[in-house]
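One chain, subunit A, appears in both complexes that follow, with subunit B as partner in the first and subunit C in the second.
Moving on, here comes the complex of A and B:
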């Protein structure tokens, strides 16, 4: 995994540089026009937002139930990335909604639960920062509760009648819109993997350093 | 096996209730706090003796969640203060059973507070609390259960954390938002001018769904997080 970080960052940076041209080349959506192009960023960051919640939750479960201390580094990394991606989702979404629906925000199930998940990440980070000793266990428990939201957010648009498009929209996209979408998705995913890797490595090194300090104090 | 589990849970709850009945500390402070919250809302919202429409449900649930947070912080604080937490954990009993006992104790306290709270909201905000007593009771019990299930777990985990008093609401509210929404929407459906029974029933179903998820998750996580 470690060796992939640099090529992934370079590649995703290049792809995100080219992305505006590719998005520009995609056809205009018939009813929403230009503003629909937010979608090419909104979809990837929203999906990765959910993915980071799952990574954070699964690694927290590994910490709690299998006593895997290294998994904690991955959970912290995923939580911080989830916070950033959640913020991006909650910014790009309303930008699009203002034009498409006429309002910035509606309190439907998906939007509400996405906001809740974002707040959960924020609370998790506050806890990890200010909780002091013992907060890692508690954070892990909290991440499990946060992960429960993910399937709920994903299926909510299919269950409730709402303004947000359903999950069936993306697979049925025409090719000339699908290409820029998956291009952006690939770019964001590589960036996500690289950042996750870097942050987890940093966290592992920090824990190791702390353990070394402790060992030195005891000696 | 199952009987032993519930016997431990019952004993933990009975212990908490005995302490509580002798001191009445948590019940009285929580009750006064809940009453003040409702009063502050009525000072803020009631104009010339008339409350705005459709605010009663929201105020009721805000008061329940605020006062509940106070109560759940105290239940474990008492264990820590008296140095009995270790004894409780060392007891040769299932950890989840201890959790269930604590949860039942908190649930009972919160429901006792609600017995005062609901008529008060009905009185001050002209809410028809006796129109659908059964459904209102279901909403209160299922909503409080979901809230208390997460709250008991988090309060237990926070006992050993530094800034536990500030962190408990910060951690608890984002997670329990679904329960709050369910409680408020369901209660509002019963309190509105033309009550919407199917709507209230739908929210009760959703609340029970979240209750099941929260209780299951809490039972799973209580054991590993309470290990030192």
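Moving on, here comes the complex of A and C:
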């Protein structure tokens, strides 16, 4: 896995450099026009934002219920990436909305719950940074509730009043719009896997460093 | 017991979400959001805000944020590995 990190970063960076040309070649959407092209990178980062919450939650469960200390590194890595991807989602979305809806933000279920998930990641990171002893277990509990939010965020657009496109948009996408979308999705996913692996390595090295310092103090 | 508890935690939102998506809760008639995208060859008339600026700003922001994050990650990893190497060599 470690060996794949650098090739994944290089390949995804190359794909994301080419992406504007592929996105430019995609047809315009009939009602939103050019601004709908934000979709090609808003969708991948938003989905990976939700995937981060699931990875963080599952690894936190491994920490809480199975005392798997190594899983904590993966949970911290997913939380930090989730925070970054959440910020990207919450910036690209309103930019698209300003043109398509005429407003930057509406307090509908999808947007509000996404903001809550982003704030959960922010709280998790603050807790892990400044919470002191026991913050790992407290953070793990918080991450579980973050993960529980994910199915609601996903189906919210199909259930509650909103201006946000529904989940049926992606499966019914015309082929010439689907190609740029899945190209960008593949690039962002590769970058996500590489960054998650890199961030987890950093956390595992930090744990090792702390153990070495503790052993030195005891000696 | 732990697995049952975890599955229960996960199943509650999944079941609720499935229930909601069947329309069990949404009884008030509401305007429908876009259910699909329709492709056209030309930009539709009535473009008031130059959308190219918005698309470019959004993509530029994604690039800058990700580059910043990769740089920060590489810097932190380098610091920790240097400290680790130093500590291990002193231990020997």
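Assume the second predicted complex is superposed on the first by the 219 of 219 C-alpha atoms of A that agree within 3 Å, B and C clash if a C-alpha of one lies under 4 Å from a C-alpha of the other, contacts with A are read in each partner's own complex, and residues count from 1 in each chain.
One rule holds in what follows: contacts are C-beta pairs under 8 Å (C-beta built on N, C-alpha and C of every residue); 3 or more make two chains touch, one makes a residue touch a chain.
What you see is a predicted model; the values in this text were computed from it and never measured.
Of the two partner chains placed by superposition, only subunit B is touched by A:142; subunit C is not.
Counting the residues of subunit A that each partner touches, subunit B and subunit C differ, and the larger count belongs to C.
When both complexes are overlaid on chain A, the residue A:128 reaches neither subunit B nor subunit C.
By the touch criterion defined above, A:96 lies against subunit C but remains apart from subunit B after alignment on the C-alpha atoms of chain A.
When the shared chain is aligned, subunit C comes close enough to touch A:199, but subunit B does not.
Within the superposed three-chain model, A:65 lies in touch with subunit B and with subunit C [touch as defined at top]. In the superposed model, A:116 makes contact with subunit B only, not with subunit C. Annotation: subunit A residues 65, 144, 148, 152 touch subunit B in one complex and subunit C in the other. Those residues of subunit A that touch subunit B in the complex are listed here as 64-65, 112-113, 116, 119-120, 122-123, 126-127, 130-135, 137-138, 140-142, 144-146, 148, 152. Those residues of subunit C that touch subunit A in the shared complex are 2-3, 5-6, 9-10, 12-14, 16-18, 20-21, 23, 25-26, 28, 30-31, 33-44, 47, 49, 51-52, 54-55, 57-59, 61-63, 65-66, 69-70, 73-74, 76-77, 80-81, 83-84, 87-88, 91.
Residues 9, 16, 20, 26-31, 33-39, 41-42, 45, 61, 65-66, 84, 87-88, 91-92, 95-96, 98-99, 144, 147-152, 154-155, 157-166, 168-169, 172-174, 176-177, 191, 195, 198-199, 201-202, 205-206, 208-209, 212-213, 216 of subunit A touch subunit C in their complex.
Interface residues of subunit B facing subunit A in the complex, by the touch rule stated above, are 150, 153-154, 157-158, 160-163, 167, 170-171, 173-175, 177-178, 181, 213-214, 217, 220-221, 224-225.
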